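Chain IDs A, B, C and D follow the sequence of writing; residue 1 opens each chain.
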Amino acid sequence: MTTPTTSLAPLRVAMIGSAFMGAAHSHAWRSAHRFFDLPRLPVMQVVVGRNEARTQQAADQLGWAEASTDWRAVVEREDVDLVDICTPGDTHHDIALAALAAGKHVLCEKPLANSVAEAEEMTAAADAAVARGVYAMCGFTYRRVPALSLARELVAEGRLGTIRQVRAQYLQDWLADADVPLTWRMDKSLAGSGALGDTGAHVIDATQWITGQSITGVSGLLETFVTSRPVAGQASGLGGVGDATGERGPVTVDDAALFTARFDGGAIGSFEATRFALGRKNAIRIEINGTDGSLAFDFEDMNVLNFYDGTQPSRLQGFTRIYVTEPDHPYVGAWWPPGHGLGYEHGFTHQVVDLVRAIGAGEQPQPGFADALAVQRVLDAVERSAADRSTWTGV
Amino acid sequence: MTTPTTSLAPLRVAMIGSAFMGAAHSHAWRSAHRFFDLPRLPVMQVVVGRNEARTQQAADQLGWAEASTDWRAVVEREDVDLVDICTPGDTHHDIALAALAAGKHVLCEKPLANSVAEAEEMTAAADAAVARGVYAMCGFTYRRVPALSLARELVAEGRLGTIRQVRAQYLQDWLADADVPLTWRMDKSLAGSGALGDTGAHVIDATQWITGQSITGVSGLLETFVTSRPVAGQASGLGGVGDATGERGPVTVDDAALFTARFDGGAIGSFEATRFALGRKNAIRIEINGTDGSLAFDFEDMNVLNFYDGTQPSRLQGFTRIYVTEPDHPYVGAWWPPGHGLGYEHGFTHQVVDLVRAIGAGEQPQPGFADALAVQRVLDAVERSAADRSTWTGV
Amino acid sequence: MTTPTTSLAPLRVAMIGSAFMGAAHSHAWRSAHRFFDLPRLPVMQVVVGRNEARTQQAADQLGWAEASTDWRAVVEREDVDLVDICTPGDTHHDIALAALAAGKHVLCEKPLANSVAEAEEMTAAADAAVARGVYAMCGFTYRRVPALSLARELVAEGRLGTIRQVRAQYLQDWLADADVPLTWRMDKSLAGSGALGDTGAHVIDATQWITGQSITGVSGLLETFVTSRPVAGQASGLGGVGDATGERGPVTVDDAALFTARFDGGAIGSFEATRFALGRKNAIRIEINGTDGSLAFDFEDMNVLNFYDGTQPSRLQGFTRIYVTEPDHPYVGAWWPPGHGLGYEHGFTHQVVDLVRAIGAGEQPQPGFADALAVQRVLDAVERSAADRSTWTGV
Amino acid sequence: MTTPTTSLAPLRVAMIGSAFMGAAHSHAWRSAHRFFDLPRLPVMQVVVGRNEARTQQAADQLGWAEASTDWRAVVEREDVDLVDICTPGDTHHDIALAALAAGKHVLCEKPLANSVAEAEEMTAAADAAVARGVYAMCGFTYRRVPALSLARELVAEGRLGTIRQVRAQYLQDWLADADVPLTWRMDKSLAGSGALGDTGAHVIDATQWITGQSITGVSGLLETFVTSRPVAGQASGLGGVGDATGERGPVTVDDAALFTARFDGGAIGSFEATRFALGRKNAIRIEINGTDGSLAFDFEDMNVLNFYDGTQPSRLQGFTRIYVTEPDHPYVGAWWPPGHGLGYEHGFTHQVVDLVRAIGAGEQPQPGFADALAVQRVLDAVERSAADRSTWTGV
């Protein structure tokens, strides 16, 4: 820490949405400059929600100076430099376009949009904004888990050789109970898709990013195991306990999505996203096999990256459990001594760090909207394939 | 052990083939009655191979009374009760038909045949033989790994509720090096297919057996990463070291196979078989998610079955690492005290036990040829789908 | 969150020391009320250090309103309600006594003191302060790791039956290199002891707390593998890189400590604390075996508690990997959905939560100085035993 | 396999004892020459037991040509070349001395004897026999688990540098239930000691062998949790179900043993042997920390050795899970392709291989009685220390 934070130019943030993602983003805005050198000082200016009382309460709890219920007014405010979009996917397009038009930097949660067309429009706007020094980023936070950042480094250094196979799963189980109540996440008009877009998007982005390869085609299968759910109930975590005897409404998204894929570098891949893998809570499992090495990761042991170095003598070969808590691991040096693991929310803090540093440097933060659009196109191809008897579908 | 082995009626065995599978089967024929009560005493009568000297050597090493190079003569011998087929897939059909015609029981290695047509003919012959008290079994030995037997028991007891998802992988890496030499396993005319039929067959059988459900349709993707390999070289294990500078011949089978599937009980599945998953040596990984519980298995920790009991209080839920070495676990009581794990070859010994007991009881041993035919049809559907842009293909 | 934080009575904190522990405590003071309902609002009033410039910088970075170099003045200030002691052990006694005398609540890092005599005096002062509504707590933060809190709950509920065996290790490796430079942690006059008091203290407290039993006697062995270290060098994490060719000073503490123990409930225990377990970074490993169940924990997978329920049917028994991220697990409900694990610093946040709630309720926070004194007495007995040929020594 | 087994000179074996160890040894005598080249062909000549009918049954089941109840006569027989002692410890001395006197090679189960005096006498006899070309070996079979053999190789190659710390545990739980019936293993006059000699002996031998260092002194603690047990009951595995309401007899051995130790190369060690670690079935856990590397092993995952190579770049460091199933791993090449793990009994087969090869080569097999005597002296020192308030006791 070399520059007093008080001497930094402020970066005034407006956050739209204050639920799960809002809490995680707020913690990141509060914490980033406490552990990392930043070129600008984040200022938590205003949080926006639909319900005035609840938003006021969120402002108080999460540490925002003001609350508002009018995102259109907020994104125009002179005392706002950056708009952080934490709302469901159906609103991303309008908010992001308005914010960019108003000259605000944008951080937008994933998936970028609910359709390829929206994502294309958003990407075009983001590309145009760059000339004005305005930047947009999409919140694929898992890129900032140190173990996955290290995975990308190892691939980029050539330690895996040519990538041949990708195995990627995002397994949750919060819908396994047929009486978990309906929420916006099960409504296609709000969420765009189900497991596919919510969590599948993360592993699509992560594998493309880590391998440096793009998915060119897919064969998809979508399944909705439970087609109606209680309208009323008590939320808890992502799920909750519904009124099993009351009215039920339709689930209009996928409960689970499977697809096979080909990458432009010659690799083949197997993907799965599900909310029905009973016992798996947030198991982001990524395995990559190359000609010279392999990687394996599971978010349920998030501080670990398993690396198989095929160039070692065969007698000593094996997967090395790299405990990614050393000072020379990505992001880790800013935190605790070796062996003192990080948690889920650190990815969000790292995201703020990278975003603020990119803005400070006048560079495009990663992933930009174009990367998110690429993910959107894969999601779309999977849906089209699934609707057409799993026939191979180009991205 | 209640009956002296010397008072048992003999079951005289002829084994065709004496390589990797031959060694495993021989150990089983030697050991089964040493640990288990059997109704017949296996007698290792004759081993058959193509090369006289090598077969003679195999007889001596593996413990067979005689060696022969003429399987057609052997399967007709009066002093042979059972023919154990351990040869490559292209010969299964002829040997099995001849043996059944001669009134011999048959144990045939998997995959049952190199085509559905062959498998159908073999199954018809096996079905007809039953009336004569002659039985045929296919060697899906992994059913006899205690942890997987326990898996089937738990599903059958309803502990998983309704099965929703299956995740099955058979990962090896012995072809990852592009200079491993060509062998019969890479020649479609001998092996039928590559990873798909060799190891994929195992997980198809295992998942159908454990879940009690049949695969009804698939979408497949096959890939051959290395299309030619050295003709000459030194074998080692399944692979070896080829002459990288010499002549190369074509690989005519798949190196890796991916497919998605639907089961007749409503489950969906994701399957993979590969010889290119660098660092995974014999990773048969099977995960099953039901409405009430889940299972996870990895052959690289073969004495363990992980079981998630969704009916436990949520505070205590988690995957239980069942160390399958207790007397009340399948097969285990015949071996060592708790905690003294078994190895790969025990599956073959258990296979002999179940086969000899079925023969003794005059019952169809499991899996019969019909079960193996069902696997063959899935393999065929995967190949047809892969050849047709992964389009969904009924089994 | 029911009460606006702004309507809470402030709890004004002065923190003495601003290094590793200072950073962790600061994060906790910043974050606790953002995730938990508290009866008082922590206010980060002033941080105290020896070096004015560095302390000023720490105040800025860590978020303290003021910096000071005079702890004696600070602990007397009217606008300070609580003194948080994060300095090396040799100063704990004086600061804590002064703070308690001034009527301030105290949070003191462990080990409580560098001698039993000091700890006794501090405990007496803390006991006396209670009558004035002033409370003292010792910072055994690992009690607040959710998995260890759950461990205590399970024992208290009787799920383990009678405790028979304890296995506790605190393994680090930051001194394994003989050229790591000398710091205060290797100086007995400042640190009191080495691995024994620094990390051994944690597992002594944790096992006494979890089992509800007290250690009554020990047999100890202490070892210093590297008896001198470079005076100069570059710190990194807890260790660093010393000047291997320059002056060396004496290491006056233990590098590793082993001891066996008996508990007052009949259990026996095996303990180890070391800084030389190459490859183990912060492996707090605690195993407890009872008549009805067992527990196993490793901080290197900190969100997991392994529980063996001996009352289950033997066929299903095994260690259950409880992923301690459910809403009904201790502390977890305030954070993220299931499966989104916590990190090292969360223990400190939970510590603040419990402390502030105890103060708000007018109750003794746990662990009090008396608990810390009990640990101190075990440390002392181990040292006395080690100095007397490991002879059994009462606590 | 180069020499036909039929052309080998026979090595005629008499086995004394036919229970658990007898079954394991029989399997080894039957199997060794089927997988390994041997210089002599084992012939299973005669098995000796106390009960004529049971011994006859054992001969039949285990594959011995004859049964006898008179070990004294058998060890004198001209058609016996080697005596394999699988009886409880109180008989080892007499049988081994008689066999050596009769010029027979001896394989003796561990612990070598029930006292140091007996072990010394046996070792003197074994040493004297060498001049006559007669060899004696002690059955510390765990040396022959490939992962532990590899461990020794890595230490011998210097990959761990100087050994500093040893952590060794042998955890079982078959006595955790207070109503498991009394057997010879709980009777000091027959077994010598309890967990200490039965399983502690294994980890003492293993750690001395792997490190190449000898234990020079110890501080011990012994505990008997359950001091009386049902005289009647049904055995199962090592334990069983006793008659809880009937007569109870005294347990005269330790249920659990803890000790700390120093090695002559400067290492310190922590040891535990117990039959009360509920949930641990046969957990032989050995960890070794050196200046350059570390090892970790657990028999409950017996085909794996975890190796930490401290000379790797810190970014890539971690414990490598070596799956010890490659052709260049000890013993493994004789078995199956990579990834096809071995089980408990393979250690016994490897023991026979090494013994027969040593006899064939006219060399002392390892471990000889002198190595076993060294273990006996450690056991004795632990018992003396435990009886003297854990005071440090030289070996």
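The definition used in the following text is that a contact is a pair of C-beta atoms (placed from the backbone, for glycine too) under 8 Å apart; a residue touches a chain by one contact, two chains touch by 3 or more.
This is a predicted model, so every value here is computed, not measured.
Counting C-beta pairs in contact across B-C and across C-D shows that the higher total falls to C-D. Across the assembly, the mean Cα position most removed from that of chain A is the one of D. Rounded to a whole number, the gap between the C-alpha centres of chain A and chain C is 35 angstrom. Chain geometry summary: the mean Cα position of chain C and that of chain D are 42 Å apart. Averaged C-alpha coordinates put the centre of chain B at 54 Å from the centre of chain C.
Chain contacts: chain B has residues 280, 317-319, 323 touching two or more partner chains. Contact residues on chain C toward chain B in their complex (touch as defined above): 150, 307, 309, 314-323, 326, 328-329. The residues of chain D lying in touch with chain C in their complex are 164-165, 167, 169, 173, 176, 178, 219, 221, 223, 225, 256, 258-260, 262, 266, 268, 270, 272, 274, 276-280, 287, 289-294, 308, 310, 317-319, 385, 389-392. Those residues of chain C that touch chain A in the shared complex are 1, 4-6, 20, 24, 26-27, 30-31, 33-35, 57, 60-63, 172, 174, 236-238, 280-283, 299-302, 323, 325, 327, 335-346.
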